[in-house]
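Here subunit A shows up in two complexes: once beside subunit B, once beside subunit C.
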Partner chain A sequence: MTALSLHHYLVVGAVLFALGTVGFLGRRNLILMILSAEMMLQGVAINLVAFARFHGNLQGQSFVLFLLTVAACEAAMALALILMLYKQRSSLDVNVWQDLREPGWEPYEDLEPLPEQPAPAPLPRLTVAGKEPKKRSQEKSHV
Partner chain B sequence: MFDAALHNVLPLMPVWAADAGTKVPEIWRSLWLIPGLPLLAAALTALLGPQILKKHSHWPCIVAVIGSFIVSAIAFLNLYLGTAAPLYTADWAWITAGNVDIPLKLRFDALAGTMAVMVTFISSCIAIYSVGYMHDDPGYSRFFAAVALFVTSMTLLVLGDNFILLFAGWEGVGLCSYLLIGFWFYKDSAADAARKAFLVTRLGDVGLFLGILLLWWGCQSLDYDKVFKAVEKGTLSETMLFAASLLLFCGAAGKSAQLPLHVWLPDAMEGPTPVSALIHAATMVTAGVYLLARCVPIFLGAPDAQLLVACIGGGTALFAALIALTQTDLKRVLAYSTLSQLGYMFLALGCGVYAVNLNAGSKDLALLAVTAAMFHLFTHAFFKALLFMGSGSVMHAMGHVIDMRRFSGLRHVMPTTHWTFLVGAIALAGIPPLAGFWSKDEILLAAYTASSQTDGTVSSIYFTLLCLALLTAFLTAFYTFRAYFLTFCGEVRIPEEADAHHGHGHGDSSHHGHGGDHHKHDHHAPSAHSGPPKRQSYESPAVMTIPLIVLAVFALGVGWLLGPLGIKAFSFAGFVEHTPYWPHPEHHEHSLNWMLMGLSTVLAGAGIGLAYLMYSLQPALPGQLAKSMQALYQLSLNKFFVDELYEALIVRPASWLAKGIRSVDMGLVDSFVDMLGMAPRLIGQIFQPIQNGLVQFYALAMALGLTVFLLSLIYKM
Partner chain C sequence: MFDLYLAVTAPPVGLQKLLSLWPLWLPIVVGALAIFLLMPRPRPYPTVYGALLGLLALLLAGRFLVAPVGVAPETVLFYLFAGLAVASGTLLVTQQNPARAALSFTLVVLNGCGLFLLLAAPFLMAATIIVYAGAIIVTFLFVLMLAQQVKWTDADARSEAGRASFTGGILLATLLFVIGEGYATPSVDALIAGVEKCQKELASVIESSDKEELTKTVKDINEELQGSEQSLLRQTLVLVASHRLKDLTQRVERLLIEEPEGPVEKPAERLSKQLSSLHALLLETRNRLGTSPPPVDRVQLSNLSGPPSNLSASEIRRDSKTGRPMMPADNAAFLGRSLFTDYLLPLQLGGLLLLVATVGAVAIAQRHLDQTRKSQAANRGGSGGQA
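== the complex of A and B ==
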């Protein structure tokens, strides 16, 4: 078995990047799109590490450290955003968000709509015990 | 003492260029103060007036104008007691380009000095008077700023040492006139009048500017000294002198409202009355006369232009007098009278000079004529300002009603205004020994001498002009006293506005704001609401009557004191003839023509008598006369339909032309530009569907784009 050369690493990186791209373009679930984007990042990270090893210096390594940090932050923020988006439309489908289009044009119509999903089961409630507390005049909504 | 004080205060004033090595008194350092002080006041009032000065906005203007008067009076005394050689300020470079060198330089000679003293004196009186008249007006500070700016421009006009400074002052007074005619700009009539005045005088100004350019072309300089020396040396051909004279006269006719450019002046009465008195009677409109008097050397070489000046002057005098006969608006009567008197001045300016070329021996006539014009300008300024201020006092008391059919018998309720107005009226009518008589008589004498010293057609033209002038003298006396009798005599009738006006507090002019249609309505509703007087006195406050009294004293005195029969040392003609480049007098005695004097007095007396007969003894007579001579009456009442003629010949074709050009602009030019504007929009529409708001579509486009870019990078290396 021959030793692993630079090319092997590059191929793996390229495959990861390509899969990420295809996933980002093809998946309609926001979380999966984010995961695909992360995958593209990892492809790039592998490239950098491979080249760092090839050149025998630490530049690529240090760059990857930054990259991982940024990716972590980005993932946190993206997930937070996705959570908020989900709360607004109760769907993770990316195609429900097309408000920023040219004004006056019809929205894109989904040719293969997702199957209707049953509403999620209501959260369990505790039976009321004791005296019912006074309702506050205005309940603040979190949305 | 005063010199020293000024010297201490103003160490940076330009040092006088000592003329011919003589030591010039320090006082001359301050000549720039004459236009400078009012300019400072104008700036101060304009900047601080509305917020800080408010009810005290008149102070900078009054102080500056009086200061300006004092400085010019001192300069005048120095000139009068000294050698009478003109005094100059040092040159300040102003415009220097190539061989054009136009300095900022003032000149104080006999002519300019007389004008400057007269202008600043009248301005002082009127500025004080305005405190009472403009009291409580919302634009109080704006008014005084404009008046101060006017005094600046006017003094610059008369004191400037070259034609460009004169032109700057000329345009400055035009601007101030525009601002002040349109002072109540929210009234349509005032705004229209202001625009009309500006446009019509602009027509003359084009001529003036062309004339100045022509002089530049001929003399390569615009300094008075250089131009007039060149003219005297004969550098300019006769044709050129003729053309320059005509063009200068064109400017003068526009500014001084001579036929056919007179239409703006009567409308200019829309401005506040002090403005009518200051700008449209005493000072600005006489700028044309000053210009021609200044350019006497040029006109000496153009006798035909002189004849034209005389004819237009005489024609305007009679024409305006005929219109004044039937006007019912007191201020309009005075406005037409101003036109008529200006016509007299131009008649005089045109008289003398013609004879010079025919009998080269005598230049006395030329001098007589131009001094007569200047003397009439001088006396006219006093009594006409007085008359206008009197009418302003009436208007102020009558709640801004100025239609003579609405009030009468005011001498019982406004005694001071009555007496001062009477003095002005007698002076205007030309009854000795008041101011108007002497100066008008000089003009008649000039016309008479011109016709007797020439021969042939020219002589008969001048004789006709003399007859016209005598007829005008009769008419002047008649219409002046018509206005006097209608306003001040008869039963006491006061329009109800006077009391409504008084009820709001004295001098309340709050109804200016919505006064436009209200005002017009008043003019066409004669004597409908008049009743017995509700108060004993309608007299204006002292701040208005005291300037009236001062001017009345001058109207009484100046003609007699400075005229040909006055004290020789004070003789107006004897002083003003020292103006450089005017023809030198050959023999000094002023000939008096007793016959002419008697004739003009008799005619004036007859005019007054006729007015007394028609408007005091038999008030029904004018109506019957008007009915029996309906055509003539309508002609005079409608100002000979000149406005309608302009409307048909110039205004309407111009507006048609404007409409045509507008439609070309809107239809052709704009649609082309719109088409150019449409192109990017059309191209953009092609790409509009791409922006569909789908994130993945964008990502795909980006990926594809990147791919294409990379591929092209790889394969087209």
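== the complex of A and C ==
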């Protein structure tokens, strides 16, 4: 019987990395794009820890600590930028910013209309507990 | 001295080669198709098709991309964590609601932490849970609440599903091909299984101490070793193991020729000793496959982060069952020693980076507020002047 090899862990890291690429390229929500980039970092971290395990020293794990630092910085900066972008155009769509593209490129337009979506569910209303007080105008005295 | 030599062979890639690589690209194609079907778009396909395809891709990947190994607690946990991580990563990419996507990212991180624990990194597991699942995800959810929209919009309901999954599939196929060429262990695994079989046979022969039986077994072992030597030479890159193997086959042959008479036990025991040393060497080879550390006499590596990776095999303590190098039990203390000796300057720079990023984030988030206030004030001033 054999145990797991380095190859197994590297494959998991590569799959997470590729999934992150798909999300970053395919999705149009700014926050989702950043989340996908973070997932790519997670795949790389698994790779580094696996190498540390199979080399028998802690260098890979130290690298992952630095990776965590950089990921935290990146998330902070990206979220601050996203918040500012949202304040300017009140949309998280990355396509809203396509006027930043190179000159000479055709604008990207959505041709297919979005389907009708159900109206958002109304906010929950609490049932009245106890007796409803009378309005001020109906009260007899204002002592 | 245990040196590994990488024999880089690059045969021309034709259609034949591509077809022979079907275990590699079959799960990738199915997975890319599943993601294509699952990604949000104006006219969505039923979710069931995508989910079923995704499950099929996960099973295919577990069968063909990673070599299946025997049932052990570590293996079961590995498949559990890896499968859940990939599944929740797919959910992240294909989820229409960003808040749910953030939560599935938490799942990815938690399962990744499970893998960290399997890889003997408990401190990193805790740190990742605190930093990622704690701090970063909460920030994401906070921003999502600030930028809330009642209905889903173009950003959530549209995606470049086709092109993105095609690109991702190509990237993954390339990565996995390269990783497989360098690190996949099927030939060494077959050899280890063969050697284990030989050991068992030999042990039973030693007990029965039958001369004819021994001759027959030795012949069998010789054939087995020669067969696996061919496969080792064809595929893997490790010269030392194959040299040792060749040496052993010659010795086995000599055993047959030179000592036709005399007691059975002595040569058989010698052979069994050699077989067990070959077994240990093969386990070690399996764990060092694909790594090519610099030679120890030319490059002096620091030993403050644990034993340097270019030490000779005999100087590294290994687990005798799996052949993996031993890690210090006191993970956090040794990680601290590594950080404050080998990586002292990078550590300080990392701290500086965090400080700069914090100041930058505050500055960016603040600037727009100031500007809007100023423009609002200017507008008010202008209208006041007109009135």
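The criterion applied here is as follows: the second predicted complex is superposed on the first by the 104 of 143 C-alpha atoms of A that agree within 3 Å, B and C clash if a C-alpha of one lies under 4 Å from a C-alpha of the other, contacts with A are read in each partner's own complex, and residues count from 1 in each chain.
Operating definition for what follows: a contact is a pair of C-beta atoms (placed from the backbone, for glycine too) under 8 Å apart; a residue touches a chain by one contact, two chains touch by 3 or more.
Please read these numbers as outputs of a predicted model, since none were measured by experiment.
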item: Subunit A: partner with more touched residues, subunit B or subunit C; value: C
item: First, second, both or neither for A:Ala50, with subunit B first and subunit C second; value: second
item: Touched partner set for A:Leu100, first subunit B, second subunit C, both or neither; value: first
item: Touched partner set for A:Ser36, first subunit B, second subunit C, both or neither; value: second
item: Subunit C-contacting residues of subunit A that also contact subunit B; value: 21, 25, 28, 94-95
item: Of all residues in subunit B, those that touch subunit A in their complex; value: 688-689, 691-696, 699-700, 703
item: Subunit A-facing residues of subunit C, complex; value: 35, 39, 42-43, 61, 65-67, 69-70, 72, 74-75, 78, 82, 85-86, 89-90, 92-93, 95, 98, 101-102, 105, 108-109, 112, 115-116, 119-121, 123-124, 127-128, 131-132, 135-136, 139-140, 143-144, 146-147, 149-161, 163-165, 167-169, 171-172, 175-176, 179-180, 183-185, 189, 192-193, 286-291, 305-309, 316, 321-322, 324-328, 331, 334-335, 338-339, 342-343, 346, 350, 353-354, 356-358, 360-362, 364-365, 367-368, 372
item: Partner subunit B, residues of subunit A touching it in the complex; value: 21, 24-25, 28, 33, 94-95, 97-102, 105, 107-108
item: Contacting residues of subunit A [partner subunit C, same complex]; value: 1-12, 14-23, 25-32, 34-36, 38-39, 42, 45-46, 49-50, 52-59, 61-62, 64-66, 68-77, 79-84, 86-88, 91-95, 110, 112-115, 117, 120
